[in-house]
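We call the chains A, B, C, D, E and F, going by the order they appear; numbering starts again at 1 in every chain.
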Amino acid sequence: MPETPTKPVLLTGASGNLGRMLARELAALGWTLRLTDIAPFPDPLPPRAGFTRMDLADGVGLLRLAEGCGAILHFGGISVEQPFGTVLGPNIQGLYHVYEAARREAARVIFASSNHSIGFHERPKGADGSPHGAESEKIDMDCAFRPDGYYGLSKAYGELMGRLYWDKHGVENVNLRIGSCFPEPTEARMLSTWLSYADLARLCVAAVTAPRSGHCVIWACSDNPASFWGQDHRDRIGWQPQDSAEAWRARVGHITSGNPVIERYQGGSYTAIGYSRGKPSARDAFALD
Amino acid sequence: MPETPTKPVLLTGASGNLGRMLARELAALGWTLRLTDIAPFPDPLPPRAGFTRMDLADGVGLLRLAEGCGAILHFGGISVEQPFGTVLGPNIQGLYHVYEAARREAARVIFASSNHSIGFHERPKGADGSPHGAESEKIDMDCAFRPDGYYGLSKAYGELMGRLYWDKHGVENVNLRIGSCFPEPTEARMLSTWLSYADLARLCVAAVTAPRSGHCVIWACSDNPASFWGQDHRDRIGWQPQDSAEAWRARVGHITSGNPVIERYQGGSYTAIGYSRGKPSARDAFALD
Amino acid sequence: MPETPTKPVLLTGASGNLGRMLARELAALGWTLRLTDIAPFPDPLPPRAGFTRMDLADGVGLLRLAEGCGAILHFGGISVEQPFGTVLGPNIQGLYHVYEAARREAARVIFASSNHSIGFHERPKGADGSPHGAESEKIDMDCAFRPDGYYGLSKAYGELMGRLYWDKHGVENVNLRIGSCFPEPTEARMLSTWLSYADLARLCVAAVTAPRSGHCVIWACSDNPASFWGQDHRDRIGWQPQDSAEAWRARVGHITSGNPVIERYQGGSYTAIGYSRGKPSARDAFALD
Amino acid sequence: MPETPTKPVLLTGASGNLGRMLARELAALGWTLRLTDIAPFPDPLPPRAGFTRMDLADGVGLLRLAEGCGAILHFGGISVEQPFGTVLGPNIQGLYHVYEAARREAARVIFASSNHSIGFHERPKGADGSPHGAESEKIDMDCAFRPDGYYGLSKAYGELMGRLYWDKHGVENVNLRIGSCFPEPTEARMLSTWLSYADLARLCVAAVTAPRSGHCVIWACSDNPASFWGQDHRDRIGWQPQDSAEAWRARVGHITSGNPVIERYQGGSYTAIGYSRGKPSARDAFALD
Amino acid sequence: MPETPTKPVLLTGASGNLGRMLARELAALGWTLRLTDIAPFPDPLPPRAGFTRMDLADGVGLLRLAEGCGAILHFGGISVEQPFGTVLGPNIQGLYHVYEAARREAARVIFASSNHSIGFHERPKGADGSPHGAESEKIDMDCAFRPDGYYGLSKAYGELMGRLYWDKHGVENVNLRIGSCFPEPTEARMLSTWLSYADLARLCVAAVTAPRSGHCVIWACSDNPASFWGQDHRDRIGWQPQDSAEAWRARVGHITSGNPVIERYQGGSYTAIGYSRGKPSARDAFALD
Amino acid sequence: MPETPTKPVLLTGASGNLGRMLARELAALGWTLRLTDIAPFPDPLPPRAGFTRMDLADGVGLLRLAEGCGAILHFGGISVEQPFGTVLGPNIQGLYHVYEAARREAARVIFASSNHSIGFHERPKGADGSPHGAESEKIDMDCAFRPDGYYGLSKAYGELMGRLYWDKHGVENVNLRIGSCFPEPTEARMLSTWLSYADLARLCVAAVTAPRSGHCVIWACSDNPASFWGQDHRDRIGWQPQDSAEAWRARVGHITSGNPVIERYQGGSYTAIGYSRGKPSARDAFALD
């Protein structure tokens, strides 16, 4: 089991579902946490944790909050598809504040990125229908970004901000392309994309405690046979998922949308929000991808 | 010679150096232009051109200005490295307004991207010292983004916004990764990166008039033997540069910075602004790239 | 019964009392609705309706929401007397966004104007005390604006914005000078000004489905014998109110304010908010009206 | 000659062409002036005058500046057609600050309104071609507002704000619907609309010094035989223009635009900015005005 | 008993704990109150009281609300330690609006200042441990400001704003350096700092009704033997506290923090928020105070 | 002569008159300077100096600019009496950013405070008329703040911010209450308040290079016999002024304002801006100071 970090860890977005789970789990490991969110923290404060209510727009305040921290788990900001104007402040400007804080503290950033940064990649053929996706069709971490909305675009931006801060300032960062992190899978797509709470908690522990990370990218889904995703940097931080969505196949494997856009692309329903490109089939005819 | 566009073309950033040159050259071809900038247009208005002074932050105004246009040459916004807060409004929010305008008009976007979106790629060995760079070391258009500052990061974001609008809405866009567009080369690096005014003007003509573009990426430099850059979508739009920086080698080939960061990376001096990663040699020792 | 609109209808202010009633009634007629409000929609979504939570200040967002709509029922914004600074954004800037959206879509605007845009007209003599107001004293739609507060002033501005967009851009608009739209009359003044929910719903149906409207103005009250108001454009859109406040006379006819300002002017209690002109009698002595 | 006001007079927009002329002329009459503008005052300060540089958006500051003043000549804000967003602050919010200041001081407002608040009224037949317009076709001050753009709309709003403050608070205000106030006429339309500097100065003197004004409206043009405008409140304040544009007929009577929209409507060129209603002839066919 | 004020009294922060208590108590004395707060007023409105919901940032609105008032009890704004950016608007800008309103109305300001404006003064020796603090160690009202955080700093700023408005404009103001105003003492420090609700209410009555106040400063704590504070202007306004914290000594006298910073300084726990100066003992060694 | 600082020194307000002089003088001593201002730096850059154009409102940017600095000479912000709203941002919010930067860097702040923070103290009797002011009437550094306007109030706030950061965080700061820093005296008051450029430069050198400063306050005027000011912390930092205004007595000793307010108070003309307290003599009669 990894050692407890010697410095406090800052967790943004602490009042959200994932934030609350992480606060509970990491505190249980004996970590010292600083929690922050724009919304009040609804649970009892875990031991050794403090909570500061703050807007990510308050850059000077965030820099102060991060003083002395060795890592920032950045789960704050908008976490679903929203109009551009709603995403801009928290996910673009707020991210910059997080990276400036990390640079000042020589802290590592663990960034809650998303599969929606690459959501317009097509799903591997047969990924839903067969227990095991074709390995050769999986995409690797160095695939092109294909954001499926303003949210996914902000996540791609965040990963590139991490690249910049690593290249220019040596700020380490671990970018978790989270699939679908819920208590359990609820539709066929999640047989590929599901990430269990326990696997996420273990991933965050690994990302914080790995001796070195550099700039790295992780496909944050459980050990799902039907996963869309292949090679990444998990060995560098020493993480392996232990759960699998496959056990839910009988219960949810038949739950699909019936929408050909949604079913074609990895990003699922987000790809269909405002979709106006014409039928996907028409696109195939269109030689330019 | 390509035909004159049947619809007006909107040119943002019209009052800048490149904007003024393009306004003059495109008007001379008989195009109907709508010019806009936050600064007044300093030249006499070319024939068939109108000028509207406007901030890219005025989204509803920009949408109105674009009504009826068939293409948007987006050269507006911040065009050099600046603090994050200065870049955010024009290059992130303003870009969104441009893409919403293009979606509404089914217009094509020609986006003045930059080599600084990939500026932290290393230069090919010998690119400066020999007349012909090693072909095998050139990077292609599908290389990873490696922004070298907040400016370059905004340009990577802009290319990905183009990707999103193409995937989701079928908005075509041509992303010009401009090297160094000046009247003539003034330092050794420009033997690789220089783009002549005439080549840029021809590139914009090709980008606007090509029957189809989809989402495409162009290395916007002249036909320089020492270029860092390889394969791109130029055939799709039918463009070939006609000028070359090589003729300036004797005059500028010895003008280098003496700064190992600057000389190592493609982005040149931008990579060194605020650079704090330690000596590049140290980085080699560091196994994580 | 009028035909169902072929295009979707956008309803702003959908989460308010009138908005919710209209959403329910119009959906029941088979209309396809897009609902929006700054507050969440508290009811179950009617069939064929979507809801988007949005601030009227987001102009680019509103234009997108209106895409493809044939009519905009604009019931959003501030709907009671408020300080100027509170009214300015939603009712002035927001209105502009609505009209720009309508211009883009060649859609018709049905604008929830108000009797408070003319509230400082005096009530006809005897309007309260007798079952039937003097016809000759009624004011027609082309009376001068006499706003009775910042709210009423914003409504006059809205009607004139409609006039401008009709004159300059041919955008049709129907301006409903709503009296008092509540489930039932609750004071003597409402014997003149009451508008039943059913009459409002029928009015909106007529306003949307009339073949032509141009810029028109409607006194939006029920068929009240004691009405203050005379000639308007109702024939143009084919609307006649079917309810009447008169049935409530016995119950509410004696409920007056005792405030001479309120009782003198059509706008009722709004005219007295902050009133500082001296006694109305003094005003009579003052020759300048 | 009217007496010098006993209290100082506040002049907004003092650094503009009309403001500078008024500052000079009124100071020459011995008036005590407080001048303000967002731009520096370019002339030497007249005797008994002070200048405060201020944005009309600073409401608390404007209220303080107006302390002790007996009249406000409000010539500040945007004075030409501009995008909505540019007009909103100075001409809507700024106007509110002016009226609150006037209410606090029981001061009279003299408001530089504009013919563009009614610019979409048609010109009287023959108004341009004959020395004397048909009297019966002239429009009176109580005509309907027909704003010809966002600027004109803000002026209509300003007149109605004046109406509200008179009705509710007894704040007197004189609304000058200025035609074309320039050193001399420069086109045929100005034979109808020209207002000489001297006539404007005399009008302001009359408006400030009249014993009573109430809410009144003045057609602010010189004694032009070809005027479009008829009855107003000039007798109430004791003003008669003394100059006439007619002397310029030979020089400018042939200078017209050739644009049927411009020539048809009183607002002239402003009516054509962004005009998209189709040909005016088509509009005649359209029964709904 | 003092007479009822002849003019209405404006109470800001009316929806807070102290505001609600004061509204209730002062209304019971027959005062006419205008209540305001950014939050709704949660209680039934007292007799002769009106409530206006408003942000202190709305300066023009606040000036209007204060019209005709003879005194302003300014209890609005942030009332606990908060990040600088949170304090700035309400407590700095809002305060300016209050003082401008008072100047306009020649009203007296009663300002809820705080002991935290001087919180970094050391506690008198033995103040906690003995029933009676050493008189000679008490600090007087003219002690130096020693703010213990951004909140306390804003209160010092407020007192100095009062000094300025008295010196320059003759605006009277009574600055209440409130200790700990709660229903009853809950820790040892409050044996020194407690202010009973009844004493606060009587203090506000005295401050409003005193014939003259000039700029004065009051240590607003009850008649506590262990008080830290000595001479002030209470005689000028005729106030004497009647309650005492001493009765709670047995119950709370042992409740201390164990933190040497907190226990050393008068401001108590606020002084320790973000404290980073090293151990207080080290400071003693440091000759510069 | 003091040693050159080992760390760079940040100078805000570098483009102002004092800033330019200091940049020149300090660079001539061999110091490494970082210059910043909202306006461009008009002079050639001194050796070892860099210039960054920035608004003090950009807190995250300022923190970055200060990285590695050992001292901040804070001469930026508004430096004359201005409306409150103009002063608020630069002098209140900007100051906070400076102090946060200093805390992060453990840097010392040298703050350009002003005599206007105490300007409503009366001048010593005879200070103007005799070559030597009465020593006993001079005020010491621990006198009460008596700001004479919004500018002076912001300077008092700045000194108290310094007090807070010293007490809570051990940030050292030297507060220079600058009198009148001009090339030479130009009126009688400056015989008391004048500070020569050379004395200011020496003062800044002393303030930066003193081994320890704590929180200290300096009367920043030259060695003027007619000075209003007495004891301060100059010994702590080892500074003595070397110039004197007395040599200008014959030339400017008779130049006074004739305004009794100006001549009575130390702040001079600033005390009279907007003064509305009645004649000072009346104030004497008023027992409450």
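As a convention for this text, a contact is a pair of C-beta atoms (placed from the backbone, for glycine too) under 8 Å apart; a residue touches a chain by one contact, two chains touch by 3 or more.
Going by UniProt, the chains are A, B, C, D, E, F = NAD(P)-dependent oxidoreductase.
Remember, it's a predicted structure, so these values are computed and weren't measured experimentally.
S.K.: Among the other chains, which touch subunit B and subunit C together?
M.R.: A, D
S.K.: Determine whether subunit E and subunit F, two copies of the same sequence, contact each other through the same residue numbers or different ones, counting it as same when over half of the numbers at the interface appear on both sides.
M.R.: same
S.K.: What is the size of the turn, to the nearest 5°, that moves the C-alpha atoms of subunit A onto the matching ones in subunit C?
M.R.: The best-fit rotation has an angle of 120 degrees.
S.K.: Please report how many Å separate the Cα centroid of subunit A from that of subunit B, as a whole number.
M.R.: 31
S.K.: Could you give the separation in Å between the centres of subunit B and subunit F, each centre being the mean of its C-alpha atoms?
M.R.: 48
S.K.: Report, in whole Å, the distance between the mean C-alpha point of subunit A and the mean C-alpha point of subunit F.
M.R.: Using C-alpha averages as centres, the distance is 51 Å.
S.K.: Touching at least two other chains at once: which residues of subunit A meet that condition?
M.R.: As it turns out, subunit A has residues touching two or more other chains at 60, 64, 84, 96, 274.
S.K.: Can you list every touching chain pair?
M.R.: A-B, A-C, A-E, A-F, B-C, B-D, B-F, C-D, C-E, D-E, D-F, E-F
S.K.: Spell out the part of subunit B that touches subunit A in their complex, as residue ranges.
M.R.: 84, 88, 92-93, 96, 103, 120, 142, 144-149, 152-153, 156-157, 160-161, 163-164, 167-170, 212-216, 236, 271, 274-278, 286-289
S.K.: Across the complex, what residues on subunit F touch subunit B?
M.R.: Interface residues on subunit F, with respect to subunit B: 54, 58, 60-61, 64.
S.K.: Can you list the residues on subunit A that touch subunit F in the complex?
M.R.: 59-60, 63-64, 96-97, 100, 104
S.K.: Mind listing the subunit A positions that touch subunit C in their complex?
M.R.: 83-85, 274
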